[in-house]
Amino acid sequence: MKPARIKWGMLGGGPGSLIGSVHRIAAAMGEDYRLVGGVFSSDAAKNVEFARDLELDTRRAYSSVDTLIAGESALPRDERMRLVTVATPNYLHHEAAAKLVDAGFHVFCEKPVTITAAEAIELERLAQSRRVIFAVAHTYTGYPMVRQLRAMVGAGMIGPVQKVHAQYYQGWINPLLRDPGKRGNVWRLDPARSGASSCIGDIGVHCFNLIEYTTGLRVERLLADTDTGSPDNPLDVDGGVLLRLSGNVPGVLCASQIATAEENNLQLAVYGRTGALKWAQEIPQRLEFLQEGRAASLLTAGHPFNAPQARAASKLPPGHPEGFSDAMGNLYRGVARAINGEPFDSGDFPGIEAGVRGMRFIEAVLQSASAGSQWRSL
Amino acid sequence: MKPARIKWGMLGGGPGSLIGSVHRIAAAMGEDYRLVGGVFSSDAAKNVEFARDLELDTRRAYSSVDTLIAGESALPRDERMRLVTVATPNYLHHEAAAKLVDAGFHVFCEKPVTITAAEAIELERLAQSRRVIFAVAHTYTGYPMVRQLRAMVGAGMIGPVQKVHAQYYQGWINPLLRDPGKRGNVWRLDPARSGASSCIGDIGVHCFNLIEYTTGLRVERLLADTDTGSPDNPLDVDGGVLLRLSGNVPGVLCASQIATAEENNLQLAVYGRTGALKWAQEIPQRLEFLQEGRAASLLTAGHPFNAPQARAASKLPPGHPEGFSDAMGNLYRGVARAINGEPFDSGDFPGIEAGVRGMRFIEAVLQSASAGSQWRSL
Amino acid sequence: MKPARIKWGMLGGGPGSLIGSVHRIAAAMGEDYRLVGGVFSSDAAKNVEFARDLELDTRRAYSSVDTLIAGESALPRDERMRLVTVATPNYLHHEAAAKLVDAGFHVFCEKPVTITAAEAIELERLAQSRRVIFAVAHTYTGYPMVRQLRAMVGAGMIGPVQKVHAQYYQGWINPLLRDPGKRGNVWRLDPARSGASSCIGDIGVHCFNLIEYTTGLRVERLLADTDTGSPDNPLDVDGGVLLRLSGNVPGVLCASQIATAEENNLQLAVYGRTGALKWAQEIPQRLEFLQEGRAASLLTAGHPFNAPQARAASKLPPGHPEGFSDAMGNLYRGVARAINGEPFDSGDFPGIEAGVRGMRFIEAVLQSASAGSQWRSL
Amino acid sequence: MKPARIKWGMLGGGPGSLIGSVHRIAAAMGEDYRLVGGVFSSDAAKNVEFARDLELDTRRAYSSVDTLIAGESALPRDERMRLVTVATPNYLHHEAAAKLVDAGFHVFCEKPVTITAAEAIELERLAQSRRVIFAVAHTYTGYPMVRQLRAMVGAGMIGPVQKVHAQYYQGWINPLLRDPGKRGNVWRLDPARSGASSCIGDIGVHCFNLIEYTTGLRVERLLADTDTGSPDNPLDVDGGVLLRLSGNVPGVLCASQIATAEENNLQLAVYGRTGALKWAQEIPQRLEFLQEGRAASLLTAGHPFNAPQARAASKLPPGHPEGFSDAMGNLYRGVARAINGEPFDSGDFPGIEAGVRGMRFIEAVLQSASAGSQWRSL
């Protein structure tokens, strides 16, 4: 028999929120969760109306994280919310997450998990001490072929890693950049709400996460050159980063939000002693496997020949595309397994330790760039 | 305010059913439905356990379509199931669908909708007389760029259509074909359960549907050559079909289930007087737009420059892949609009008339093939 | 030591001729030939001027095939032209080729080799009796990965062939079709110069040739539906052909010259019992190798792991594209080996027997189409 | 009337030389040159045999550049060699080229043009003072769509450039790197013959050249991190370079020869204020044109809608691939126009000034890397 559905709540992600909708779709995919309440909007009326639209008990449309904690904690254990997704603007993540963790709730937090590395470290300690699950929405790790890539590197199928290349090129900031009016409406470009970085904090960090997630190596040193695109824009919208990983393995990490008209061009290439693996987010079901002296292979999702971690992340037969929501769904599946005490793999969802590493990366890049591209450790 | 969720039930799609899971994920995507019951399995114990796993009221885990109709009809109108998805093996579709329609339920039926064209026509008449919505799961019409293709042909952007090409190549039957033991376990290859055709009825009909859906033309005549792959296999697993559409426009339709190791290689190309549109299911977010004397364009999903029908079918920004479940989700969104009396487009979901056309196509192909590839009208 | 260069001449291919230039570039690639003369133009002044531009002895700029034969035959054996390329309009091929063969010259003839199958058969007999090399410019067989495909099928790497698919879609006739003024200037659409077929004779035949070349099977029966695109156009510009090969293997062959804005979209897929091979002319250095139950492979030209026939057809390391002229160059290389008495493979260049098969194919298609798409043997 | 063929000679490129063969094929393509002699090999017997194989006058198979200059200068002006291609190992380029230029010969030199920037500058001055043509084999600039890219940037079609990305990933050094025996046979990894750099000097410099060639901007500053892959290998085989171009435009340049099993993965992306252009060498006939707020375009070679510089670089209709030799052929075409006094475009072939820039780039990268990745101007 399947375990009872996990009662689940949300902070943010309410009316008009794209990412909120993605989280609900993703959580529905495995039939593991039942949404029971949350703080969907800071506007009280909208909050309640949204709960009503979702046909929830409106008493569980709370006005704040504090009332949510109080209200849920007063319920019988088996009715109580167990997992809370934090999908508010970045600057609100830390305080809310800390309170939830402290009160014993499991947390699924959007990234970047905090504004500073210090805050992330604090959350990590707190989650450990409260023994709660703390997942971070590095959604791309949910794609089957990213998991396949990780499994193949881990199984030694390309030999020791000797070079990595990651790039994330987007163009969406480009039309907003030079118009302060438009720019002001983009919270990503407002340091007060988004933190000290735009490009590196929003997308560069995904490259970083994928490198560490798939290779099992750590980025030990880096140097960076970033650009704000326009003199009156305070945040980076473009950056080039040179890396050295464990064992002095070289790497390049490229990110831009002004790569005009690019959509979501995230690519990863990992080169080992005997082969290479290449993945591109825009056609996520494919993984190129190059091998010294042999023809290249093109692995696709859904096949029995894939690694168990990749197979578990496909719901459909080969040739039936699964997308971004499905990837997020795989993270929710992993979190459910963890909450239900079922066996799970460390790659099933990124935890708070990945959030900490991400924040360290962002800070190191910003420090390197402001010091004229000097090497920084992390 | 959003309309109340539509109470929804399923016939089939229970324990271990892949397509059942896709339907539930798809129905969840728009937050329009609430699953309340069904006949999930012909095994009574499994049926109830499945409902319990889904945390449904097990009294609504019915033992048959008849008890479902009786039980639901006895409920107050606003609690009653309004839409029922039929996801049983093909040979059971017709009887169940007919009873549901007759009792006033809206129906979302897997394809092929029936075993014979005559049965489909009967359902069409019944749905018209009972004024119920009857949707058919031609899922590929739910992809944004299939809708974009349709809208662009409709808007004259390639001029009058002068040639069509559709192909659907799969290989999954290949390893089963010559082993009667394995083959016996595949209901698709059992005429009693699947009907008179395998390849044409299962996948050829999708090519046919996409041609008529996107061009607005009718296939008027066809001739076919089919093959069973193995002397002791009674059903077609491969077929080539030559078409003539309205206005004598030529077309080619190719389908195979023994195109060894192909996954789900469904492609459509529509050539007009001034341009062409090409779509391939395995990278569904892309649409090639060729134009006489100009550079080709590559349209992608999620852009404001797409047609309203395509825009409405994307939930995510450009570059974030959406897949097969998302396509099915768009059909459920359309059915919800129709049930809720909201405005909808004839392309929002394929109706029973598309099911009838599909059955006529299948019968014409089989008749042509058995007559030595003579032309047949439909 | 390398053999002395083969003295070489051309019929046609003179001023402004694209294909003439391709032949000269191709013949230069292997450093096997020396162009010494020809009949480059039917205009005497242009003929001589062209020879002068090529810095040839203008005495070898002959006014006709007869004077060429007479002039060359009068020269000492080691100065005499040995190979003559026939690149005139189609309707002139047969007479010229027959005279050349009869006089003992080796011939490299553009395709279609003749206007009728009977003429091709006559050339075949003549070439056999005169023991000359007679090559036909089925240029696509010169691509390394077409040869690789052939070698892999031949080595049983996909098991017995069970299905073939070939398509050749072009759009160049489209803008000319409905304007009789423009159309009149296109010799391809003039039955007097091009023969009884346009689409099938010009491009459909390449599909046919590739199928027989790569599979080693024969097309035994076919049926066809062709279209002229416009009521006042006498020749086919579009056709769909259903095939049955040796052993009753089914196939589909699709060709069109009104596939609007397509460039040179020639594709071949061969499906066997255990795998499949797919090739597309527009990216000719790649060959997809699908295998039952395994990841797909992507073979590329220039690798030591390719078959000897493919390796011999690449001049550059992997990743350095070679194109259409290089493919033609490989045919010339093969002809040189044959003329020089070096070992060569039957796949090194298509001979007159391929020309005969091609003409039989064209005639069978036209007969089938005019008989309402009845099956025809060939 | 076409001008008389330019008498042409080669240094190096003799028996077994791949690049020598490419030069001869390329020079043949435009029917502008006649090979008359050279120093094909440092082995006297091989030198003469090679000339005999090419059916040249063996008196023009010279033993050294000095005897070539003396011998040719003694000939009547209209028989004399006018262009000499230098295709010897790198370390011999400078002395030979300087002598040839000084004696008034036009030169087509393989790259890197010299071992140091100072030598290149000297050649530049010499070529200017002797008024000879000095072309450098940056072959990739000969691809039609690289020229199209340059023309479109120049015409403002993507607005002011705001970001560039270039990468060149190869894997061929990988299997040789850790085996000193094998490595010793690779002149590219021998500093005495190849100069101070392997990866940057051989392939990184192509990225650099393409950036400056296509954007018209100059790389003003750079910093680099390079790697030798193995402790006992003295030369770089991998490098990441951050760039700042004119106007402080940021750029990333990535190169590796240990990107295992990559073939010739050279890519360029140029992002402007309103659009972007992307090109990849392995499918050179395509150019992606992204535009803000519009569908992407896919331009292909051979179309009338391309810029004149691109059109002039295609010999075949769209859809007929042209490759690496064809690109080199376009450089030779441009050099012929320059020698013949015909109008030519500055993009028709890279001159010695591009060679100088390349050498400055290589030196700046090596200096930056050895200084711990500090910024260097060039």
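The first chain written gets the first letter, and so on, giving A, B, C and D; residue counts start at 1 in each chain.
Definition applied: contacts are C-beta pairs under 8 Å (C-beta built on N, C-alpha and C of every residue); 3 or more make two chains touch, one makes a residue touch a chain.
Quantities reported herein were computed from a predicted structural model and do not represent experimental measurements.
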**Fill in**
Min route length, chain touch network, subunit B to subunit D, equals 1
**Request:** Sharing over half of the contact pairs with C-D by residue number is what counts; pick that pair out of A-C, A-B or B-D.
**Result:** A-B
**Furthest chain, CA centroid comparison against subunit D** = B
**Message:** Rounded to a whole Å, what is the gap between the Cα centroids of subunit A and subunit C?
**Reply:** 55
**CA centroid of subunit B to CA centroid of subunit C, Å** = 43
**Fill in**
subunit A to subunit B, mean C-alpha position gap in Å, rounds to 34
**Request:** Check each residue of subunit D and list the ones that touch at least two other chains.
**Result:** 262, 293-294, 296, 300
**Request:** Spell out the part of subunit C that touches subunit B in their complex, as residue ranges.
**Result:** 158, 162-163, 165, 167, 169, 171, 174-175, 223, 225, 227, 229, 238, 240, 242, 244, 248, 250-252, 254, 256, 258-262, 269, 271-276, 290-294, 296, 372-373, 375
**For the subunit C and subunit A complex, residues of the former touching the latter** = 288-289, 293-300, 303-305
**Complete:** subunit C partner, complex, touching residues on subunit D are 1-2, 4-5, 18, 21-22, 24-25, 28-29, 31, 34, 49, 52-55, 170, 172, 262-265, 281-285, 300, 302, 315-326
